[in-house]
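Working notes for the structure below.
Chain lettering (A, B and C) follows the sequence in which the chains are written, and residue indices restart at 1 in each chain.
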Amino acid sequence: MVANPHLPVLLDLLGVFAAAVAGAFAGLRKGLDLVGILVIAVASSLGGGMIRDALIGATPVAAISDWRYFAVALGATAAVLSVTSRRMSDSKLKSAIEEVRGRAVRLDRIALVADALTLGLFAVSGTLKALNYHLPVFQAALLGTVTATGGGVVRDVLVNEVPMVLQRELYAVPAFVGGLLFALLERHGFVVQGYLAAAGSVVITAAIRLVAVWRDWHAPRPGAVA
Amino acid sequence: MVANPHLPVLLDLLGVFAAAVAGAFAGLRKGLDLVGILVIAVASSLGGGMIRDALIGATPVAAISDWRYFAVALGATAAVLSVTSRRMSDSKLKSAIEEVRGRAVRLDRIALVADALTLGLFAVSGTLKALNYHLPVFQAALLGTVTATGGGVVRDVLVNEVPMVLQRELYAVPAFVGGLLFALLERHGFVVQGYLAAAGSVVITAAIRLVAVWRDWHAPRPGAVA
Amino acid sequence: MVANPHLPVLLDLLGVFAAAVAGAFAGLRKGLDLVGILVIAVASSLGGGMIRDALIGATPVAAISDWRYFAVALGATAAVLSVTSRRMSDSKLKSAIEEVRGRAVRLDRIALVADALTLGLFAVSGTLKALNYHLPVFQAALLGTVTATGGGVVRDVLVNEVPMVLQRELYAVPAFVGGLLFALLERHGFVVQGYLAAAGSVVITAAIRLVAVWRDWHAPRPGAVA
């Protein structure tokens, strides 16, 4: 179905990288120590794929049986920590409070982009794996949505917050749209090989998510329906 | 073992409907928007069955591979939203605060009944699926209890509340009783076909749960034991 | 690979006992009733193994299909409740507040030791099961870490607390060290049979964890890195 056998793993590893970056920033914002940051980055970047593989019976799950998943999560966390700690020492002269405020804004912005990319990458990788397990288009997009939102739910529940997927900006919707788009492209042979369909679907998912945040798009509340 | 092959799916879909109704009300009560309400209704109505299927290895799990599960969850959510928004517009003249209070009481009552029916339906469907996977009576009732309480735990954890299963009124106990009753009826051939045993066990589970809430039954606290 | 076929189940059941003790104390501290305490003890003692078995595809998971798991969890909970309620009646003359304070300190100490033993037992049992499923050394230790920390995460999330695995004292690190040590001992044949390697790895894991708590070891915060 998909021409290139490396595509699923490539999407997964890119998704793990982006998710670990978003997870490490969540840990930094919560004031966790290095081990806590590592735990949350690993759990949230590997969690979505673990749930996906357990649900379709692709066991042992790839996030455990393939060492590159953990290595990428570790590398992404190390990258975040080295960049953020260097910045911190560059700005010794600023007052502590200002610096923390300025950093928080920048961190939130990077974390948001990383989170949107995670959403797109895992939506497509989950959809693709489901197609390879012979699920139909709609169900494949549903598994893609579970994969894409699962890791973020793990992250938010671990730090004891109401998961982003329940909050006002669109989160699950772009994942489902991206997964469905990819599944339809794959099934109808609009692409010579999977890379282009995959890249396009990832970008569209992430773009919808980011525009939803920046323009404060959200679904109406039921009160507004009446 | 069970005469009718449609029984497991029928129980599951009725359980998904009741759970999605309870989940949608939980989302309304939390003031979520339409997408948030849909996410919590879907996650809590499909979550228990997903956990069940992953634990016994019935993969790909039915809640993903069978499109009717998602469709029923979506339909139940839409039904709740259309009923609650119509009511809201009917009562335009009442003061906003009174209306919200009055609605909250009614909503809680409907959500409670839906939740009790969910408990019964999933306790029996989980027990039945476990029997079909050749688990013994006791273990089947245990899986029924996990199925019945799993979705509610997902719902409560998502909205950042201490799960109902830990709180004072009996919750896990009726599920286990109902599952065990059904497993014993099935195993000892007291019924010509599964429907009667299933319906009876569902009703008994839901009744115990509702009576426990209405009469404020609960287990003693350890302090009272000494 | 491992000489004795009883070792995995023995480690698991000892782990379930220790985890149920830790879980029951968590329930007592939260003021739950008897059913709530039982639910949290069962969920946290069986949760880690359920996650492990679902992730490697060892289904139906042992915690459901083998009745001894539930029986041990139930027995451990009953033991905790009988000991704590006897103590409570022995101390009738003390003022209520002092007694509660004194008990809380003692309970925390027992719960801490039980939790450290759980960590060691499940780290080794998870690693061993992964080795038996032909995962390599590093991946086996990773699954051991997931098994060891999974039940505690379930427990902490259920009672709505930020999981211990994210907090300052070392928690995931001893589990990984113990799992890796056991996997290396097994693979390089340093032991005639598995018992000695298992016991040593359990003790070392629990010891690192307890020393970390008692001496307040913890990873640095990122702020201290710069």
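Quick notes on this structure:
The rule we apply is simple: a residue touches a chain if its C-beta (ideal position, glycine included) is under 8 Å from a C-beta of that chain, and two chains touch if they have at least 3 such contacts.
Which protein is which chain? UniProt says A, B, C = TRIC cation channel family protein.
Keep in mind that what you see is a predicted model, and the values were worked out from it rather than measured.
Viewed as a network of touching protein chains, the structure reduces to a complete graph with every chain in contact with every other. At the interface between chain A and chain C, two copies of one sequence, fewer than half of the residue numbers in use appear on both sides, so the contact is built from largely different positions.
Rounded to whole angstrom units, the spacing between the C-alpha centres of chain A and chain C is 30. Contacts with at least two other chains are made by residues 54, 57, 157, 160 of chain B. Across the interface of their complex, chain B is touched by residues 27-28, 30-40, 50, 53-54, 57, 59-61, 64-67, 70, 81, 84-86, 88-89, 157-160 of chain C. Across the complex, chain B meets chain C through its residues 54-57, 130, 133, 135-136, 138-139, 142-143, 146, 153, 157, 160-163, 165-168, 170-173, 218-223, 225-226.
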